[in-house]
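Chain lettering (A, B, C and D) follows the sequence in which the chains are written, and residue indices restart at 1 in each chain.
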Amino acid sequence: MSDVAVAEVGLFDRAWKRVSLLWRDMAASVGSPTADASWEGRMRACLEARGGEVSARARAAGLAQSYQTAPEAVDKLAFFQALAGFDSDFKAVEAAMGAVSAAQDTASRAAAKAKLRQALEPPRLKLLTQFTTIPDGMKFLVDMRADLMLLMGHDPMLQALERDMRGLLANWFDLGFLELRRIDWSSPAALLEKLVGYEAVHKIRTWRDLKNRLDSDRRCYAFFHPRMPEEPLIFVEVALVQGLSGSVQKLLDEKAPVLDPRMADTAIFYSINNCQRGLDGISFGNSLIKRVVTLLAEELRGLKTFSTLSPIPGFRRWLEEQKDAPDLLTEEEAKSLTEAAGTPDGNAAIALVLAARRPLALPWIGKAEPVLTRLCARYLVLETGKDGRRARDPVGHFHLSNGARVERVNWRGDTSEKGLKESLGFMVNYLYDPAKIEEYHEGYVGEGSRPATTALRRLARGSR
Amino acid sequence: MSDVAVAEVGLFDRAWKRVSLLWRDMAASVGSPTADASWEGRMRACLEARGGEVSARARAAGLAQSYQTAPEAVDKLAFFQALAGFDSDFKAVEAAMGAVSAAQDTASRAAAKAKLRQALEPPRLKLLTQFTTIPDGMKFLVDMRADLMLLMGHDPMLQALERDMRGLLANWFDLGFLELRRIDWSSPAALLEKLVGYEAVHKIRTWRDLKNRLDSDRRCYAFFHPRMPEEPLIFVEVALVQGLSGSVQKLLDEKAPVLDPRMADTAIFYSINNCQRGLDGISFGNSLIKRVVTLLAEELRGLKTFSTLSPIPGFRRWLEEQKDAPDLLTEEEAKSLTEAAGTPDGNAAIALVLAARRPLALPWIGKAEPVLTRLCARYLVLETGKDGRRARDPVGHFHLSNGARVERVNWRGDTSEKGLKESLGFMVNYLYDPAKIEEYHEGYVGEGSRPATTALRRLARGSR
Amino acid sequence: MSDVAVAEVGLFDRAWKRVSLLWRDMAASVGSPTADASWEGRMRACLEARGGEVSARARAAGLAQSYQTAPEAVDKLAFFQALAGFDSDFKAVEAAMGAVSAAQDTASRAAAKAKLRQALEPPRLKLLTQFTTIPDGMKFLVDMRADLMLLMGHDPMLQALERDMRGLLANWFDLGFLELRRIDWSSPAALLEKLVGYEAVHKIRTWRDLKNRLDSDRRCYAFFHPRMPEEPLIFVEVALVQGLSGSVQKLLDEKAPVLDPRMADTAIFYSINNCQRGLDGISFGNSLIKRVVTLLAEELRGLKTFSTLSPIPGFRRWLEEQKDAPDLLTEEEAKSLTEAAGTPDGNAAIALVLAARRPLALPWIGKAEPVLTRLCARYLVLETGKDGRRARDPVGHFHLSNGARVERVNWRGDTSEKGLKESLGFMVNYLYDPAKIEEYHEGYVGEGSRPATTALRRLARGSR
Amino acid sequence: MSDVAVAEVGLFDRAWKRVSLLWRDMAASVGSPTADASWEGRMRACLEARGGEVSARARAAGLAQSYQTAPEAVDKLAFFQALAGFDSDFKAVEAAMGAVSAAQDTASRAAAKAKLRQALEPPRLKLLTQFTTIPDGMKFLVDMRADLMLLMGHDPMLQALERDMRGLLANWFDLGFLELRRIDWSSPAALLEKLVGYEAVHKIRTWRDLKNRLDSDRRCYAFFHPRMPEEPLIFVEVALVQGLSGSVQKLLDEKAPVLDPRMADTAIFYSINNCQRGLDGISFGNSLIKRVVTLLAEELRGLKTFSTLSPIPGFRRWLEEQKDAPDLLTEEEAKSLTEAAGTPDGNAAIALVLAARRPLALPWIGKAEPVLTRLCARYLVLETGKDGRRARDPVGHFHLSNGARVERVNWRGDTSEKGLKESLGFMVNYLYDPAKIEEYHEGYVGEGSRPATTALRRLARGSR
């Protein structure tokens, strides 16, 4: 009976509770132990839709509840294996493939292909869809996919199931369904608490820190889905400032004076976070940035520049890999560094820096700055990943794909432990110029060209 | 440029209008005549996503606008033909079919099938999805499918396209996304005006008639979709009464006294209407009725009976086909009718009734009532359609599939011209008994059994 | 018991219904017949607040219900008489007056006056305030004052009561509490239905007429009070047009093409209606017009002119009174009219016009137009009421007090029966020029100066 | 000009900002230095309403802004003195008093009194009312009264002004205007932050503490005013528990398990806080408690008992005053205490207890418990204030006036520093029994009777 109660609750929570008495016979038959209480048996019962679609969804709700309360990962794995088993019927697929092969003209081929597609549609899709009706059903599905991605390993059946789920979710979470909402200090505390949990780029330390990030010269926007109204999908934090920001510590300084946002000429996107692991591979970031640029440009006419202040997560690793490369430093650089650090040769000096837990504490680090800055520019503007084409830095790749350009490299941009460890404290501004976005995007995606300011480009090429 | 303005407008209408100046270069390049301005050329531009997804959607918005303002059906047909042309690549499909055939074990077969499904996915799906982002994009797609169903004829390519659209819409309009809302006299006039347009069972004649249908002893509920918030998908009108209602004219009488709804013991569902032709084949009615039963049972504890008062659209046609059947009437009936009508035989009297513009005006019609009632019961309880299984009456089939039973046949239930013409004025009550719904549904769907009261069943069988 | 149920219902309607069982003893004691069940006895029970304020308000709610269901005007009159009887205590007033007379310095006089004010405060005010807690209590009080104004006649006690009510309501309906809302075709039908009832200047004939008045080139705004959220207090209808409108029939023509509001340069306020008789004497019109001018100027930058198109309700009556005045017509005018109408002298011609049920139907009326126009200008710009100062026309007085000026007189401005009867079809534009409002207001209120265009002023003075 | 911009902003903030250009001439004249820029001169300008009411309110807004930015208390004092000076005209009052004295019959006396009331109405009331139109005008008035109460001292003019403000606010903050809202973890963070600031009974230490107080077995309700929608007026915190709670530390323990609220049989009101000093003397607490009791009783049918867990702020002070009273202790008590504490006589022992900063730390305090408990019961049930009638304890007086009874005294009920200092750690439950509220209220207010359980009553009387 509890299955029915859960089934359609939604907005009508209390209604159902009582009406369940009225519907008791129906409930009883639904809740009655089916011949087969295994995952597979219960899934079959949902798919057969005995008693009609409404009853089937009541059963699906029961199934969801059992999944959620399953004590062990191994139970969930069994659930997924059972679900993956509801695949398309091979005989029917074979017949439909035959018809496609036999079709002579475009028209009959089109018809045959349509039938083949239908034959290939796995029944498990129907069951997954039934879960949408339960309260918080969409969140349930998203979290279920997150579980599946953890558990599937290299099992081809589970991977096929995962692709099905991704396809369904991509459909339901299409941009056309998303709602852009501003988050501020008037937002529900429960939502703000979630932000704290989801912020991974620059951790929110306290409620005071959070409040500071939602002050009048700050903005925070998130995408939401109508069926998960209390769960942000992705959010971006923006600072309204004068001139490009080069230091995230300054941006997050709670004691910094608040700027009248109408005086701001620059919007700095300093943190963007995906919130739902279960939506991995379904991309919102590009669209979110552009929507927010549009909104801000309308609200605050003084804004002329839209830029990120971004981490460079792969810089240090790359540098470590390069440290023995012969052409890493110019002769002059090597000499200067050697003198400063008191080590026999330049590369060793770099190695020293890399080894240091706190590079900024080294007395001669100021001397190393121009060298490191040049190398950072090179890393961002010239270095490619394994495919020999994409920017090597993943954050860089994201923004360049979106049509941004590399604008400025900032020494001491992030002096937190994480910042020093990942990128020796460097940060970078990627600039979104509405007039150039399309061109840059095409250039990067098409020919792998890497838009950057002339100065940065020259700097990057310095040693070559 | 206008394309961009349309593209993302949504809630941000005014924002976009002005920001379009800021984004002018982007806009210009999007709006610039592409090499190929044909439907096909423009569709290709959307699918190639030059300049990124946001630009592509801007182009799709332009395409949508062109479609909407296309002057002639022939232009729309050309649009659909171009769109249908973006089918899956046959070579890729052939290769993927080969891999399926070659796979040896279940796991590799599963993987191969998943790839085949992907290969079969027609690119036009992506373009259709891009339309969701435009304002009122969902309504645009629904209306587009309605157009397509009118225009497609027997063209297999267009039929395949139609199936694609149906699949997409079925996904997006899954029950899990629908919102049940009550409509009453406090609802927006713009929405009520739509109800007037969509009500097809018992036409709403005036605003006074409408207000009467939304009075305190009436209820109206509709399903809505979050992306079409001002468009009802389906709605049901309910009267709260004492005892089963047998006459729709009495129900709609504006001068009838208003009942305190807490005194009602019966809810009569007297009109249910689908509003969107473009959602044909995606069924909401069953779920709507059950949700409303649940809601009402909770709100008004006095309600014990949930029943429809339904038209019998096929009765007269069936009777005409039967009028010369030798076993139509019992001997006694034939005699009684012959006397009453002064005609040579009872069947001829029936024919006379059928021929009359206003059968109720025949002086001897009262004599014919028992005969016609019996025939009506027979039509509803025994007669089947071409498949020899389903109830012949389409409204009957709908309610029996949902798990209702045939409860009572009402002479003079609908004395409107339409009622007399379709069913000689008869109406029928289908009763929803929560305790029996599942059983009845199973019986009807499984074995074709036709639940009805014993009295009706006897009456129906009377002449056999 | 029902009294308690009514008392605090408010938003918590259903809650109270059930909790009333819990509170049954309290309810019983409140509901028990007091020693004195007369209006006066029950009022005394409320004022004594036996059982605390919450109980007292429960009793007040019962009293309100009895008032509302009182069958005859005479019962309501008795209610008012009883209520008026709860006046300040004369002995206490006398003592306090003595203290005021005895006070020597400003400070002690201030204290004594404050005490006298307190002594003068009639207990009935407290009871009136208790009515605010009942559901729709504010509407109840407003309607009660409307009743009182009808029934009070010249009874000084009832007039004093009426003044009390007006004072209370003026406090509660201060501008600071009012909410300006736009009304359009998406507003609740129940609200639109009220508009139809309240529109008295240009009757709304049909829902189609109403919809036309809420179209995209029309605006309608109303003030609402937070405690009467479904009741408009006053509303104004505005047409967005090009150039000054001179004909209300053209404005209301349902077949006229709709103008893109961004193309409009002029906003015409063509109807303003007070909705609550019980708020007579508490003025919102001035503020409403100015708020709407502000809003429109912001929304539609193209708007440069804000003007009314107003009736001239007193013109015909004035003209009739003047018809034998020797200087009404110039010699020339008299001659021209006499010729045209074929009557012996000019005044008789005017009389003829006045007598005509349908002046526009007279064959020679075109000849009379310049004369009538001049007289209309004179009536508006020069004629005064009994005080020798205020504009004689009441609508004119309202707009001139608000700081408008007389802009243009329109022949055939309102050819409805009412328009012809009241003003021979003339209408007038009062223009609100934000830069002049304060000056015009001061001039009119201070010195009785009557702002008008030079042309109108000359025309008005023509015959003098 | 800024004055105008501020004046009517309200919801139309942005609208005004731009339209102020349109209205520039009006603005200029309003903003122009009046002949007299003193407080008095500016107040006079508002009252004269030159340019109409809208202009006057613009000026009042400017005045409000000057008040808010006045640098020193002395400026505010000058503001209040100027405002107090706008008193009723003494000549007019004298004349009106004469007319009252001269009136012979009730009717003409009523009329004369009404006129006298009008003559006594000080013009400053009108100016105060003009402040309602500014954004946050209601909060401005409330805060202004708080300032005035601080500054007025014994100045009779300022006291009269304060009474005026209180009268106005009492009218506007009548129960009929208040909205009861539940506050929970989904409420805006900005609102929750205010709660933290306003909670004075049991300080909220951290966001975690706050979240714990808003958990599913806790409730928090507040009254709001429609014109101060983001400012709570008063709020109450409730715990849903099983059986009467005797310890606030246990209630606030963040680690205590959460109770399913449907299992609760008792609602404990453990903190009630007024938030606006400027509303002192306008009482909401009684009504808030009763509304919340009603709501909870409806929502959770299992609740049978509604009780407070209250501090006893005056107990320790009273005890100190009594310490030399001869009959404070019985002989036996004195002996037992003397032995326990090792002091020569009982009273000294009490003194010792009183002196102790941390009574619970005394080794023999357990021995003292029965004595202290008895004295606490006596304090609550028998002791009166100066008038010889009211309960001496102010919290006790509040709840007894509301119709509660003294239910139980709790040793170690509040072991916080404040609790120990004020009441040696004792707390008390006041019980609200819906069936008795009216009777208890009447008894207490009428005859000063003090409802309590028989046990407590006996205990209290023990030593007499």
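Criterion: a contact is a pair of C-beta atoms (placed from the backbone, for glycine too) under 8 Å apart; a residue touches a chain by one contact, two chains touch by 3 or more.
According to UniProt, the chain labels map to these proteins: A, B, C, D = Malonyl-CoA decarboxylase.
Given the structure is predicted, the values throughout are model-derived calculations rather than measurements.
J.: In terms of residue-numbered contact pairs, which of B-C, A-B or C-D coincides with A-D for over half of them?
T.: B-C
J.: State, to the nearest whole Å, the distance from the C-alpha centre of subunit B (Malonyl-CoA decarboxylase) to the C-alpha centre of subunit C (Malonyl-CoA decarboxylase).
T.: Each chain reduced to its C-alpha mean, subunit B (Malonyl-CoA decarboxylase) and subunit C (Malonyl-CoA decarboxylase) end up 49 Å apart.
J.: With chain centres defined as C-alpha means, what is the inter-centre distance between subunit A (Malonyl-CoA decarboxylase) and subunit C (Malonyl-CoA decarboxylase) in Å?
T.: Inter-chain centre distance comes to 59 Å.
J.: Rounded to the nearest whole Å, what is the centre-to-centre distance of subunit C (Malonyl-CoA decarboxylase) and subunit D (Malonyl-CoA decarboxylase), using the mean of the C-alpha atoms as each centre?
T.: Here subunit C (Malonyl-CoA decarboxylase) and subunit D (Malonyl-CoA decarboxylase) have centroids separated by 39 Å.
J.: Subunit B (Malonyl-CoA decarboxylase): which residues touch two or more other chains?
T.: In subunit B (Malonyl-CoA decarboxylase), no residue touches at least two other chains, as defined above.
J.: Chain contact topology under the given definition, line, ring, star, complete or other?
T.: ring
J.: Within their complex, state which residues of subunit D (Malonyl-CoA decarboxylase) touch subunit C (Malonyl-CoA decarboxylase).
T.: Touch residues, subunit D (Malonyl-CoA decarboxylase) against subunit C (Malonyl-CoA decarboxylase): 8, 11-12, 14-16, 18-19, 22-26, 29-30, 50-55, 57, 84, 87-88, 90, 93-94, 97, 100-101, 106-111, 113-114, 116-118, 120-121, 129, 131-134, 137-138, 155-157, 159-160, 163, 168, 171-172, 174-177, 179-180, 226-227, 286-287, 290-291, 294-295, 297-299, 401-403, 434-439, 441-442, 445.
J.: Hey, which residues of subunit B (Malonyl-CoA decarboxylase) end up touching subunit C (Malonyl-CoA decarboxylase) in the complex?
T.: Subunit B (Malonyl-CoA decarboxylase) residues touching subunit C (Malonyl-CoA decarboxylase): 185-193, 207, 211.
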